[in-house]
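Take a look at these structures.
In what follows, subunit A forms one complex with subunit B and a second complex with subunit C.
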Partner chain A sequence: MRFINNSNLFGATLIIPGVLLLSLFYLYPLLYSLYISLHDFRLIRPDLTEFVGFRNYFEIFLDEEFLNAFFNTLIYVGIALPFELVIGLFLALALDKITRGKNVIRAFLIVPQFLAPLAMGFIWKFMYNDDLGIINFFLRYVGIERPPLWIADPAISLYSCIIVEIWACVPIFMLLLSAGLTTLSSEIIDAAKIDGANAYHRFRYIILPHLKPIILVTLLIRGMDSFRIFDLIYGLTQGGPAMSSDVLSLYMYRSGMLDRQFGFAASAGWIMVFMMLIASYILIKVMYRDGINKQ
Partner chain B sequence: MNSGEKKLVTISWIILSVSLLIWLFPIIWFLLASFKNPRNLYDIFSFEFSLYNYYEVFNTYPIATYMKNSLILAVLACLFAVTIGTLIAYGLSHTRFRFKTQTTIFIFLIRLIPGMAVMVPLFIIFSSLGLTNTYPGLIIAHTSMSIPLVVIIMLGYLSDFPKELLDAAYIDGCNRFSVIFLIVFPLIKPGLAVVAIFTFIGSWNNFDISLILGYMPEYKTLPVGLAGMGNKYGILWHHIAAAGAVYIVPTVIMAIALSKYVISGLTAGAIKG
Partner chain C sequence: MKILKKILIVVSTTIIFSSWILSSSNAFECNIPILESSSDAVKAYYIPENKFAGQFINVPKENVENEIDKACREKFEELSGAKVNMIVFPKQKDMLDAINLALATKSGEFDAMTSGAGGAKEYGLGGHLNPLPQPPDLDDFYTGDINQYSIGGELMGIPSIADTNILYWRTDLFEEAGLDPTKPPKTYTELTEYAKLLTIDKNGKNSTEEGFDKNNIEIYGFGFKGEASLASPWEWYNYLFAFGGDLFDSEYNIVIDSPESIASLQWVVDNYRVHNIMPADTPVYDYGAFHTLFIQGKMAMAVNWPYMYGMSQDPEQSNVVGKVAVGRKPMEVRHAGNMGGWSWSVLKMSKKQELASAYAKWNGNPDLASYQALIRGNAPARISITELMVKEKPIIAGAIAKNLPDTMGVKWLDAGPSWMSLEKETWKFIQYALTGVKTPEQAVKDAKVEMEKILKRDRFYEEIVPQLLVN
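So, the complex of A and B:
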C-alpha cells in the first residue's frame, strides 16, 4: 500500500520539462537533419530548397572523401576496441592479484579518462613531434636513424591516432572489468582450484563467463564513443595529412560547418545514427540471449 | 600463498608499475614542458624552470575570458543538468508516470546519437533563433548534453531508495514536491556528488558543442581557444603547453582527489547503463 500519491500527472510534471529540453536539443535537430538530407538544402536561399529524395545518400557514397572517412572510422574502431579490451582485461587481472595499494594505483591509472580528448590530442602530438617529441628522440638515441613520422606520415597517421585512442580508453576498460572481478566470489575460484583447474581454466571457464555481460556493455559504450570520435583527432591531426586520418565526425564537421554542404553532412549523420542503432541492436540481442541461457 | 601465487603477484606489480608509467608519463611530460624555458624546448633533457610560458600565453590570448566561459558553462550546466536529470530519474523510479518505459528507452537512445549528427543541424536552428554565441544557447546545449548521463546514474541510486521513507515523510506533512527536496535529495547526496563531478568535467572537457555554437572570441571556452592556438601561427609549443596545462590541471586534480566518487560513478554509469 502506497500512501504518497505520486500519480501519473505528478510524474509527468517532473519528467516532461526535461524530456522536452532533450527533444529540442536532440530529436528536433535529428528530424531537421533528416529533412535536410532529403532536400537540396540552401541555407541562404530557402526558396530554392527542393526535395531530392535519397539523392544525397547516393551521391555521398560516390564521394571519395566520405568513403575515406567511412573506412577510416571502421578501421579506427575495429583495431582500437580489441586492443583496449585485451589490455584492459590484462590490467584488471593484474590489479585483482595485488592486495595493497590497489585504490591508489586505480586512482592514478584512471586519470586519462578525465582528460579532455582535445588535450590528449595535443599531449600526444607533442610526444609524436619529430623535432621535440620524446618518442623520436628516444628512437634516435637507441640507434634508429629515421624513426617514423607518426602523425606527419599519411601511411601511418591513422594508426598513430589509434594508439592514442587505445591509451585513452584502456583505463575505463580496466576499471569496469576490475569492478566486475571484485564481484566474483573467491569461494568459486577456490572451489575450482580444489577441483584441479589451472590458471588458464579458471580464466577461461569462470572469470571470462562472469565478466561477459560487463565486457559486452563496455564494448557497446566504448565502441560508440570511438565511432563518433572527434576531439581527439581534431587535436592530433585534424584528419590530416591528406585526409589520411579523417573520420566521419570530422567529415561531417568539415562538410557542414566549413564547406556548407549541409546535405552531405546531414546524410552522413543519418548513416552514422543508423549504423549505431544496428550495432547496439545486435549487441543487446547478444546480451539478452546470454541472459536467457543463464537462467 | 604458494610460490606460484607469489610469482603472479610480483608479475602483477611489474605490469602495474609499467602501466602507471605509460599512462602518467605523457601527462607529466606535457606539464613539465609548460614550465620549461622556451629557449631550450628543443633540448629534450635540459630543464630550466621558468614561468615565462604562462606569462606570455596570458598576455597573448584572452585566457582569462576562456577560463571564465568554461567555468560559467561547467557550473551552470552542472547545476541545471543535475536538477533536471534527478527529477526525471525520480519521476521514472517513484511515480506512476504512464510512459516510463518509453521515456527510459528515449533517454538511453539519446546516448547513442553521435554528437556531430546533432551539432550541424543544431547550428542552423540555433543561428535562426539567435542562440549561437550567447550564454543561454551554450548553457542549454551543455545542460542537455549532460542530462542523459545524470538520469542513467541517478536511476541506479534512486531505484534502491526506500519507499517507506517517502510515505513516512508524506504522512508527516510533506507535500510531494517537498518530499523530493527535503527527503530524497539530502539522502542521495553521494549520488548527487558523483553526477555533479561528471557533468562538471563533461562540460569542462566538451569541445564540439563549444566549437560550433560559441566561436566568437568572447564566447570561446578554453578548449576552443586552445584549438585556435594550434592552427593560426603554426604550432607554438610553449603556448600550447602552458594553456593546455591551465586547461587540464583542474580535471586531473579533481579526478585524483575525488577518485572514490569518480570511480563509483564510472562503474555505476556503465554497468547500470
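So, the complex of A and C:
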C-alpha cells in the first residue's frame, strides 16, 4: 500500500518497461551508430575496420557528393516547408469558412497522405514522363510546345521533387491547422469585428498567434521528415540526373549499402541529427522570442 | 441463419477444394530426363545422395518461388532427404542486404545463395564463399559465364541462367521508312543513320527532313536507359565493348578514358543531344519506362535483355505484337556485349557445407537450365540447352544464341567488394555526359580519379588482384 501511495516510486516503476524498450530499440542503435561513425567500419570486411576518431566527420566535408547532397537538402527543406505551411494554412482557413460539404472536401484533400512515399515517387515519375505522362500531355494540349523535362533536366529535377513533397504534405498542415482553428472561439472573432478589425487584422493579431504552437509543432515534425526524405526521391529520380536531386539520406544509403562505408554513412547521419537539433532550437527561439508564457 | 451458415461452409470448402484440385492438376513436375541419360560422372555431380535426412538448409531468395523453382526444390528434397527453407525477400537488394547482415554478424543464418552477375565474384573475393568442384560437363557452359563466376580458376558460382542483350527492331516501321526489315543495322554508326530515318514527329516527318519538329516526336528511333542505377552502365557496356573499349586492362589498370571508351560514350550522348533520336527523358529512363515505351510502339529499335520479347508479343500489354524482330547486336570495331546471368554459391558461414554444396550444384543441372530457358524464357546457361531452345523457340532463342558467343565479362565485377562503388561512379559519369553537365571526356576522366581512390581505399591491388592473377 505504501508502495502504491508513494506516487513517485509507483510512477517510476510503471514507466520502467517503456524506458527499457526505448533504450533497447532507440538508445542502443543511436549509440552504436555513434560508435560506427568513429570507425572506418566495413560491414563485410571486419578485418579492415579500425578506429579513426573524428576523421570521418572531417573527411566527409571534403566529399563533393556529400556537400552537394547537403545543400540540396537545405534547398529542399527551405522551399518545401514554407509552401506547405502557407498552402496548408490557406486551405485550413478556406475550409473553416465552408459550412456544407466540409468533411467531403477535407477527405478528398487528404488523399495524398494515404500513399506510401515510394509509391508516390513511382506514380509521379510516370506523371512527369515527357512521352507517357499526363502533365506534359496536358501542357502540349494547351499549346506549350516544349514542356519542361521535369525530372530529366538537372536544373529543375530537385524542384520537381519539391512539388511532389508539397502536394503530399500540405494535407498534414491543413488538418492540424484546421483542428487548431476549431478551438478558436468565434466570440473573439466577433468581438474583433465589432471593434473594427478587418480580415487582415483578425488574421494577424488573433488567428495567427492562436495557431502558433500548432505551426511550431507541425514545422518541427514536417521539417524533420523533409530533412530525412528518402523514399520519395528514390522512387522519382534516385538522386539524379547527374546528382542534381541527391539528398543526405540518399547519400547515406549509398555510402552504407553501395560503398559499404558505414563509418561515413553513420557520420553523415549524426551531422543530420546535429543540424536538425540546431534548426529546431532556432525555430523555437524565433517563434517564442516574446516568451512562451505570453502565449 | 443456420441454413445460411451451412451454405457458407459448403461454398467455402468447394472453392478451397477446387482451387487445390486445379492447382494440383496444373502443378509443374520437376522431371530430370536429361540428367538421367547423362554419364555417371555428371549424375554423381548434380544428383544429391540420399543421406541428408533430418537436415535442413536456409536459402535466401529474391522474389517468390515460381512453380519451377518450387517443384525442383521439392525434387531435391525428395532425392536428398533434406529440407530447404526458402527465405523470400521482395527484391535482390533486400536479399543481399540480409546476406550482408548475416556475414557481418557472423550469424551463420544462410547456407547457399543465388546472385546476379557480380555476386559470386564479389562474395568470393570477400572470402565468404567456398569454391564448388569443377563440373564434369564444364564445356557445356559458356566460357564467359564460367569466367565471371570464377576466381583464380576456382568456381565460386555455378551458372543457372545466362543473359545477354539482344537487338530489337520494328519490322513495320522499317518497311515504312524504306528499310529492309530483314536487314538490321550492322554497325552502331549505321544504327544511328537508321534511327534518324525512324524517328518520326507528329506530322510524319523523320528527323532528316526539313521542318522536323523535335519537340513533338511520335516515335523514337532508339532508346537508352539513362537512370542513376545499374540500368545505364549495363546498357553502355554493350557499346563500350563494341567500340573496342574496356574497363580494366590485363593488369587491372582502369582504362575507361581510352579513346574507344570515350567514343562509345560520345556516340550515346550524340544520339541523345545532337540527333534527337532518343526520348527527352532518357537520363531518368529505367527498365520500366524503357520497355513500356517500346511495347507501346513508340520506339523503333532497342538494345535490351531478352525478357522484353515476351512482353512485346503479349497482346494484353503490347501494341507491337507480331511487329518485332530480334537479332544480333551491331558491331563497331567488334561484335561484343556484356554478359549477365545468375549463379548458385555455397556460403562459408554454412555449417552444412556438404548439403549446401549439393543444393548449389543441383541448381546448375541441365534439366533446370532447360526449364529456365524453355518454359520461363530466360537465356540458357548451357550450350546444349541453347541448341534445344533454338529448335523450340527459334526467334528469341536464335537471337540469344547469336549474341551469347559475343559476350564479354564486365570487369568491374572482378573488383569484388568495390564493384558497386565502381558501378555508381559509372552511372554518374554517364549521367553527367548525357545531361551535358560535363563532356564525355571530362566525365570519364573525373570518374577515373574517383575510381582509383575507391580501389586504393579497398586495397584492391594489394589483396584482390593477386587472387585474380593466379593461374
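Simple rule for what comes next: the second predicted complex is superposed on the first by the 255 of 295 C-alpha atoms of A that agree within 3 Å, B and C clash if a C-alpha of one lies under 4 Å from a C-alpha of the other, contacts with A are read in each partner's own complex, and residues count from 1 in each chain.
The rule is short, and it goes like this: a residue touches a chain if its C-beta (ideal position, glycine included) is under 8 Å from a C-beta of that chain, and two chains touch if they have at least 3 such contacts.
The model shown is predicted, which means the values in this text are computed figures rather than measured ones.
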Clash or fit, subunit B versus subunit C on superposed subunit A: clash
Subunit B versus subunit C as contact partner of A:D131, first or second or both or neither: both
First (subunit B), second (subunit C), both or neither touched by A:E59: neither
Which of subunit B and subunit C A:P46 touches, first, second, both or neither: second
Touching partner for A:T237 - first (subunit B), second (subunit C), both, neither: second
Which superposed partner A:M257 touches (first subunit B, second subunit C, both, neither): both
Contacts of A:L149 with subunit B and subunit C, given as first, second, both or neither: second
Subunit A residues touched - subunit C or subunit B, whichever exceeds: B
Touching partner for A:I172 - first (subunit B), second (subunit C), both, neither: first
Partner chain(s) touched by A:L22 [first = subunit B, second = subunit C, both, neither]: first
Clash-bearing segment of subunit B, relative to subunit C, as chosen among 73-81, 217-225 or 253-261: 217-225
Doubly contacted residues of subunit A, that is, touched by subunit B and again by subunit C: 43, 125-126, 129, 131-132, 238, 257
Subunit A-touching residues of subunit B, taken from the complex the two chains share: 8-9, 11-13, 15-16, 19-20, 22-24, 26-27, 29-30, 33, 41-42, 44, 84-85, 87-88, 90-92, 94-98, 100, 103, 106-107, 110-125, 140-141, 143-145, 147-148, 151, 163, 166-167, 169-171, 176, 179-180, 201, 204-208, 212, 223, 226-227, 230-231, 235, 237, 240-241, 244, 247-248, 251-252, 254-256, 259-260, 262-263, 266-267, 270-271, 273
Residue ranges of subunit C touching subunit A (in the complex, touch as defined): 93, 97, 100-101, 103-104, 126, 128, 215-216, 226-229, 279-284, 289, 292-293, 296, 298, 417, 420-421, 423-424, 427-428, 431-432, 434-435, 437, 454, 459
Subunit C contact footprint on subunit A (complex, rising order): 43-46, 48, 125-126, 129-132, 140, 145-146, 149, 151-154, 157, 237-244, 254, 257-260
Residues of subunit A touching subunit B in the complex: 2-8, 10-12, 14-15, 17-19, 21-22, 24-26, 28-30, 32-33, 36, 43, 90-91, 93-95, 97-99, 103, 105-119, 122-127, 129, 131-132, 134, 137, 167, 170-172, 175-176, 179-180, 199, 214, 217-218, 221, 224, 227-228, 230-231, 234-235, 238, 248-249, 252-253, 256-257, 262, 265-266, 268-270, 272-273, 276-277, 280
